[in-house]
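The structure appears right after this line, and notes come after that.
Chain nomenclature is as follows: A, B, C, D, E and F, assigned in order of appearance, with residue numbering initiated at 1 for each chain independently.
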């Protein structure tokens, strides 16, 4: 379940690392909103700083990883 | 202490709400770790309080929603 | 993209769900700041995405729930 | 390891700082769950490390502040 | 809306409180990005609301504390 | 400011990535507390899941990266 990114075996403690494709990017003054498709038809949204967005060179259509710490995940039931 | 919000369609500001099936639950003294399968073969992990886990009546095999605020989602690239 | 979960009593693992009245909304390019009064004279502030704010149809004077995961709550003492 | 900041009026960027009374404390190996009453009948729950709980000398009945960063607050509507 | 907590030694449950010097501030409509140098050559970045930034009177060159809850800290290894 | 971990240029959107040395590890049933020294005399604390701690093979004395999303960093002033 540990993410192994790249060929130099980078590992993160974050339990949730999902590979996806960037579907949209919206840039604000300080933050940016990035939407990834992580499974067919399943999109997830991230807010990161505009600078990170630029520095990572994020572009619609590129692959990227979505990373979420387990303590930031809630559960809901009906 | 668990919130029970009305009887109508509930909407959340959280941009990431994924329906899934509970695949494992591990209970500690204060927290619990809950793993959901949100797409075929795609599991995500949540840490919630043990009390919430009990109050929601979470059980392996049951359906549940996984909820993540967009500001808690990071992006990584190779 | 806003989640609409069923027509039944929705339960969340978040331990802090407070009913309140929206007292102010400030919209930015990516995010929005929403202030709720959750008890007489007790206001709390939320930052959500602008899109969530629009999709939820938030308006000053409307009722809404403020939701905080317990692991995001700190304690301070004098 | 607990921060003791000066002897003057301390100000935090956190938009949500609520004075309350500790109503319960539950201690685990790593974390502790602390419940504060922040308004009459309005309780909020915090998960902090056990060490912080001990170092702050938290006890049921004592006053304390509950602190939440606005970006960790979600909104829900019915 | 900024919290001003008493005149005594303030203690926080947050395990990470680092004294630093503000190196840059960038203001958006809702949020602001603040960079602090917390050790020689070691800069850390914070996103807070623009209002908090103004209310705290943050300015480049001033001292400030950087505060992070331990549950929001991840670990990575190579 | 973007972190480049390893030789395969892994990059994260997290604005705060600090290299450090693990100084202590405390294991609970669900979570673990890991302390890193990120600059001489400057320790920071992380709470991750016990499983991540085991899977990453964390040990006192080993090098590791501490990662914090900017939106989870608060500022305080005296």
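The criterion applied here is as follows: a residue touches a chain if its C-beta (ideal position, glycine included) is under 8 Å from a C-beta of that chain, and two chains touch if they have at least 3 such contacts.
None of the values given here were measured: they were computed from a predicted structure.
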item: Contact-richer chain pair [B-C vs B-F]; value: B-C
item: Same-interface partner of D-F, chosen from the options A-E, A-B or C-D, over half of the pairs matching; value: A-E
item: Centre distance in Å when chain E and chain F are each reduced to the mean of their C-alpha atoms; value: 18
item: Mean-CA-position distance for chain F and chain A (Å); value: 19
item: Chain B and chain D, separation of their C-alpha mean positions in angstrom; value: 23
item: Residue numbers of chain E (touch at least two other chains); value: 1, 5-6, 8-15, 17, 28-31, 33, 45-49, 51-53, 56, 65, 67, 69-72, 74-78
item: Topology of the chain contact graph, where touching chains are joined (line, ring, star, complete, other); value: other
item: Touch list for chain A against partner chain F, complex; value: 1-2, 5-15, 46-49, 51-53, 55-56, 67, 69-71
item: Residue ranges of chain F in contact with chain B within the complex; value: 8-14, 28-31, 49, 51, 69, 71-72
item: Interfacial residue positions of chain C with respect to chain E in the complex; value: 26-33, 43, 45, 47, 71-72, 74-78
item: Residues of chain F that touch chain E when the two form their complex; value: 1, 5-6, 14-18, 33-34, 36, 38-40, 42, 44-48, 52-53, 56-58, 62-78
